[in-house]
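Should a chain be cited, it is by its letter among A, B and C, assigned in written order, with residues numbered from 1 in that chain.
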Amino acid sequence: MNNSTKTFAGHGKRPSAPSVILENVSFSYPGEQIFRSLNFTVKSGQWTCLIGPSGCGKSTLLRLISGTLRENFSGKIHFSDGNSHTGRTAWMAQKDLLLPWLSVLDNVCLGSRLRGEMSDQKRRRAISLIEDAGLGEYSDSLPSELSGGMRQRVALLRTLMEERSVILMDEPFSALDALTRLKLQDLAARMVEGATVLMVTHDPLEALRLGHRIYVMTHRPAKLSEVLIPPGSPPRKPGDPAIISLQAKLLDRLVGGANT
Amino acid sequence: MRIVRLIFISVGLVLVWQTIVLLTHAPPYILPGPVNVAKAALTHAGPLFDHAMTTLFEIIAGLLLGTLLGAFSALSMIASFSLKRWLLPVLVISQAIPVFALAPLLVLWFGYGMSSKIAMAVLIIFFPVTAAFYDGLRSTEPEWLELAQVMNAKPLAVIRHIRIPSALPAFASGLRVATAVAPIGAVVGEWVGSSKGLGFYMLHANARMQIDVMFAALVVLGVLALAIYFSVDRAMIKIVYWQKEETE
Amino acid sequence: MKRMVLTLFFTIMALLGGVSTGIHASEKVTVVLDWFVNPDHAPLFVALEKGFFNERGLDVEFQVTSNPNDPPKLVSAKKADIAVSYQPQHYLHVDQGLPVVRIATLIATPLNTLVVLADSDIKSIADLKGKTVGYSIGGFETVILKAMLNTQGLSLDDIKLVNVNFSLSPSLFSGATDAVIGAYRNFELNQMDIEGRPGRAFFVEEHGIPPYDELILIAHHDNVKQPKLRKFIDAMEAGVRFLVNHPEESWKLFVRGRKDLDNKLNRLAWRDTLPCFALRPGALDRARYERFAKFLKTQGLIQRIPPLDSYAIELK
């Protein structure tokens, strides 16, 4: 693969995505040590999934990388292209976080609007993203007129509009029903191609469908397992026998980690 | 549909009123019946209209000024923590002091014209508007603010595009309360010193023991207050367009 | 021993019971004042403190109100026996159907005055042209002003009227008004003296208003035959007599138990009100009352003049 010019689902060129490097990172909440000297690299241009029991620190890790958590933390977090990590990621949460008073189009353009960078070009790009996702006739609708799945689709588009090469996702599809979840996973895999993605999920099947690399996070302070690299490229078919056997293995690691 | 319901309620109230007068044998100088009040209203329609216009102007001017002042104060308190510490006690005091006590002072400072009545109305609505708006601004969804932070949003853009719209529903409820109490400010101001307005006219009629005329002015004031409230309510529904009304 | 104590105990209780029934044998009279207690009410409180009511078997209770329009309504609703009212307003009340009758006079002259600052350039009523006149809403002030202005060929259009409610002298001091009407000569002028900004008075009865009683007592016309009312007036007359004969001692009685009334303004007002009290409270000058009724009708304040006996009487 040519690292310098990766196409971005046909919507423009993306500079090659860096990897995210955590060195000796320690973090605690008052009374709770979440990470102690954690070393972790999120590989460039790949989709990394982090799976683990609730409360072990997965979302905290995401927030350390996004820059929203800055206190009580020691160690180094940076991107492989040498620059700082703060303000250079895109964020997708479990809630769609759509502003109810803005139309779908305006919600997709939220980042530009908040940075004061709105332009016709940006608007055109947003419209083409919206159409590509199959929501073309809803671009002027308010979020209240859309279903949960459609809203999360819009959230995905908003994340992609940011054109950040590092995308952080915190269980983005867990609130959706099974069918919508599958559809959105396919859409995300297609549209995000080339970015460095770190996704937190509690669903092993989702990790196996979407991830190039899968880690299990367990214990307190949190520890990461060996990486699991499933065969084939995402999005993988749910019925794939290799996936199913790996699912059992993942679950084992999860349960094992929870019991120790 | 709404108009029909309004008519039914009005007719019902009038019937209740007449019943009370009949049952209690209330003399006309204590509680006049609806027929007497209607007659008085017709006889004095001219002055009633003129005075009503004066009071209406005072209420609306008071609402506009008070809302602007309140919105500005709430935004200042969000913007600056030290400002909040100074403004918050002032806010609470403005609510705690009975306006009746402050009215003569305001008349002394602003004179006997409309400005003292407008000042009274502003004083009475300052707390509801500011407190509601400030509360709304303070309780912006934290995850939105987090998203904005990750997006490198400019601070003013966050206030303008996220905090303020998200606080509008709270602001609207504060404004609805303000609309209901603003007439009180205007009328109390008129009682303390004025030559025009429904409050003045009520005092005047009362002094001449023309209780039916006084009640007529009272009814007109009530209708005025209702009209203003419904207008503001409709306007708020348009402004907070994304909130669904409860289906009946 | 125990038996003796018990017998003594019951005897005492019986005696006390007898004494209290003795007190209950007196008649209750509720009187609603027009305003807070002030020197205008002197004869009533002198009578109270000297026991003139008790002597006649009356147990009098005074109520105060801050709304001068309430007392006639209370009497009309039979919630009080007697109210303090004003002769001019009395005609309006009767015209509106209140079942009240004047039974006595408390203050037999007008107290209402047009007041200007002593250093003002208003030296006569004619100088009011183009000026601002402040008033308290009593229902009657525009009539007074109109009659006063008419004596100089002016009309209400020649002045600017501003309702200042009860802030009469403050509005003069602040310059918001050039003159005020509705000030009581025994109070406002003294108040202004105390503030160091004396005023000058135009007495309304000297400028076109027929003389009237500023304060009267009224009762419900169903009750005028009650003997307790006549007894009340007799006691009140005894109060006036004592007041006139012993003004200093009367002042001490007035402020006894009402220490908050003992201030400079009240003392000055006391001195100025003394000549105004009706020496014969129960007496009625029929021609005077009828003359005033005609005046009000001419001014358009009342529609018809009812027979005098229906609204003002001497009690037998």
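To be clear about the criterion, a residue touches a chain if its C-beta (ideal position, glycine included) is under 8 Å from a C-beta of that chain, and two chains touch if they have at least 3 such contacts.
Keep in mind that what you see is a predicted model, and the values were worked out from it rather than measured.
**Student:** Connecting every touching chain pair, does the picture come out as line, ring, star, complete or other?
**Tutor:** If you draw each chain as a dot and join those that touch, you get an open line.
**Student:** Which chain has the mean of its C-alpha atoms lying nearest to the mean of all protein C-alpha atoms shown?
**Tutor:** Of all chains shown, the one whose C-alpha centre lies nearest the global C-alpha mean is B.
**Student:** Suppose each chain is reduced to the average of its Cα coordinates; what separation in Å results between chain B and chain C?
**Tutor:** 39
**Student:** Distance from the CA centroid of chain A to that of chain B, rounded to the nearest Å?
**Tutor:** Chain centroid spacing, chain A to chain B, equals 50 Å.
**Student:** Cα centroid separation between chain A and chain C, in whole Å?
**Tutor:** Computed value for the inter-centroid distance: 86 Å.
**Student:** So in the complex, the part of chain A that touches chain B is made up of which residues?
**Tutor:** 66-68, 87, 89-91, 93, 95, 97, 99-101, 110-111, 113-116, 142, 144, 162
**Student:** Residue numbers of chain B touching chain C in their complex, please.
**Tutor:** Listed in rising order, the residues are 27-30, 104, 107-108, 111-112, 191-195, 200, 203-204, 206-211.
**Student:** Taking the touch rule as given, give the residues of chain C at its contact with chain B in the complex, in rising order.
**Tutor:** So the residues of chain C touching chain B come out as 69, 72-73, 76-77, 89, 92-93, 95-98, 137-140, 161-165, 167, 170-171, 174, 176, 301.
**Student:** Spell out the residues on chain B that touch chain A in their complex, using ranges where they run on.
**Tutor:** 141, 143-144, 146-154, 157-158, 161-162, 165-166, 168, 241-244
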